[in-house]
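Letters are used for the chains, namely A, B, C and D, taken in the order the chains are written, and counting of residues starts over at 1 for each.
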């Protein structure tokens, strides 16, 4: 028996926090009592017939009586979702996926690329200590998180450069667990910049186009290094970096 | 069956009474137990499992899904753990289902269908089979099976010899003559015909000229395909004497009623489950409101 | 032709340069002069006339149209005043068109197509023909013509002997193998292939069990059919060496670009004209915005 | 050269005048300067892709700078149209069709069934003298027109009964032209109740499902008594009653 349910939630708050980035807070005490960091929900973008699938969004953090999402407005589904306003009732399926593997008392290093850092708040709220590295193209893409090191490609916030430049042996060595989330290319660059000896502590939050979100359609496969695929929505979205067949996954595009 | 209008929501099919005509379509509802976990089996007449093949199949390379403006392309490629795994590890869990289960069987050769069925015969969990001679997403030409009435006949005959359980043959809308294929399946011993599998579709990125799906063409589903499915259900049900199961295009209760009126005995819903895991219950509510039943 | 991506909006087709790839589809734009009156020919690459048959045809009994949730059923039945009337009374008016005209020709027998073409040869108004072996709305089996490659070959050959003008053969998506039919048409002398005519569709009133259209099945069009047309255009254009004209599913400029990228040389728009008589100009604007051309 | 154009008109006023009956006034000086009584327009119910066709509505009357429509909200298209509000810009194609054949100085008898009387105002404004008979199911379906005789089936307004009961030899004889508009069954009943000798002065405003509205799709055929069909949108919507094959037209349903 899973805790997954389809809720009709009221929108409590909706706001454009960065240009083209929405924060939407939903009322849903049931969800907030069972969700784990790294899990996501499937949002019905509109009650109309189209689009025919929902949109997967990571739970950014829990609130008193529900949860918060942070998302990029990039296409039809998220455009519809950006129009959600306080009081709207929205179908939300969740919590979905496995979430980060959190050992009690562990020290974390969180590496996020742009909106990939959406969800880090929840993880930080759940672990003992964490250090956060964030890379983004520009300041308009930086999610503000406490005690984080930021670099931007154009230098408009924090240092100038890529997030990989922030990664040091010291930071890696000081962490029991390393969480990486962001665009595929960024995650691969991070993965490649992590020395062999630290790789077994790296967890990657993957993304894939989704149909159902709860494991029945087999549409969200992530290629595994041992051959075959695993389902992003059910066996993921978090996989150990070693499990992933990076070449094949990059090939997939999105 | 005898037809009355408006059509009855309660159906008699394969000698059993079904309180709901709604079947969950193959590939969109796992083996059903996932929906049991979600508490979404209310209103479901029967579940059709995802396709089972002899050997395990990893499926097609990602991306396997692409949503177009008005529908969904899928290129799953019959990903499944193979018949032996299904028999040993999945069917025992599916035994808890509150409704009948049909197992969707696919194959890469005429004989494979019967081979898979023969192995599944040792389970008593399922009511019958849906023989998928029509998957558009496999290189070996699943689609080609479906368009040749002669091959359809031989597949059906093979399955018929392998089991005493009822089975439906799921046909393709992609080429050939679906009525001829249906007649061939019935001649081969099919207890029903499923009309139909997904339509071949494609989406090309005009900037690069490349298909968004690696295997280029994919299976396309959309609520806008309903009129095509209605026409085929009407044509097939007028030509054969065994029941017809419709598959395709359902997004509301009125669609189900229309398919029943067109000659379907049972009606599958697939893609709609991606938006609404509890679609069957919704469809039942809508139908009851419309018919006053 | 050589392909580049993004595709060029300006096309070379049948030896002529077309500033726009957009053709108005047969049956949705009369003979073009009606659009001239409305001031709606801007952006039009060419007009395809409504179907012309040897004898006048009154067409099918009403209702001839039914709008479903996501598309349109039509059962026009090739209503037209017959080739002699067209030659004497309509083509002279169509001579004022600022763009090329193709005449869509239908027939009830293999020889009728060539007969109609032969009569039209005395006019110099039109650039060429579109041979409609695929209308789903005639009892005599227009659709059946299109599914048999052998018949398609003979029709094409007959037309080829009757004219030196270029002609496209418009194929059906309803059964058979469209690639084989396309190859047969080319062998018979076709200068292009139009992919494709309307899909067979049906809408049944579930309360009564009756089709809303008297002839029961009808031709279905919908913007949601685009992925089906893209797949067929891609398949056909990869198999033959003459140009492909796509027909079906266009509702915005990006759709046109996608069909060009899939292998179409020219792209027809039909149903969209019901909403937007000036669709061609809109499509051109949208394409230019997307490609920066 | 026709006067038909596709205009983007502003909605000037929108109001539910009877239960489920909308009055919408559009700004469109060009239309009001060329439209004739009995002509109609094709309205784009919404800018969305669906529905794929427009909806034909008769011009009820002209206004200073445009025209007025009166329509029943019965299905998807008219439901969308009922949401139009002041300031909205809507695509309107027109004026379409032939309109009533109006001889200068003629005396008219107008017979309307329910919303079929939408459009009579324009005709009355254009002719020297007119008498109006209106039948409706109930008072909620009666369009108020000056100097009209009204009957309703339930007697809730005017006399009780069918409009055919109001037709008299005197009224028919006193008219040069007789205009009939309403549901097909009502029009047929009216037609059948009109003695042979007056029939050549009867004009019927027909209806059909429409595709284009301007004569190119051949989707709107009305069966003719001489065999064959005529296009409701271009050769009609007004036909002489004698031209119409009433049996075949009834068969069509709508």
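Everything that follows uses one rule, which is that a residue touches a chain if its C-beta (ideal position, glycine included) is under 8 Å from a C-beta of that chain, and two chains touch if they have at least 3 such contacts.
Everything quoted here is computed from the prediction, not taken from an experiment.
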Among all the other chains, which ones are in touch with both chain A and chain D? none
Between chain A and chain C, what is the gap in Å from one C-alpha centre to the other? 48
Averaged over CA atoms, how far is the centre of chain B from the centre of chain C? Could you give it in whole Å? 33
Just the number, please: Cα centre separation of chain A and chain B in whole Å. 34
Chain C: which residues touch two or more other chains? 69-71, 222-223
Which positions in chain D touch two or more other chains at once? 49
Work through the pairs of chains, note which ones touch, and then classify the graph as line, ring, star, complete or other. line
What are the touching chain pairs in this one? A-B, B-C, C-D
List of chain D residues in touch with chain C within their complex: 1-2, 4-6, 44, 49-54, 91, 93, 208-212, 214-223, 227-229, 248-249, 251-254
Footprint of chain A on chain B - complex, ascending: 27-30, 34-35, 37-40, 50, 58-59, 61-67, 69-72, 74, 76, 79, 221-223, 251, 271-278
Considering the complex alone, what residue numbers of chain B touch chain C? 3, 5-7, 68-71, 73, 147, 175-178, 199-209, 211, 216-217, 220, 222-228, 230-232, 234-235, 254, 257-258, 260-262
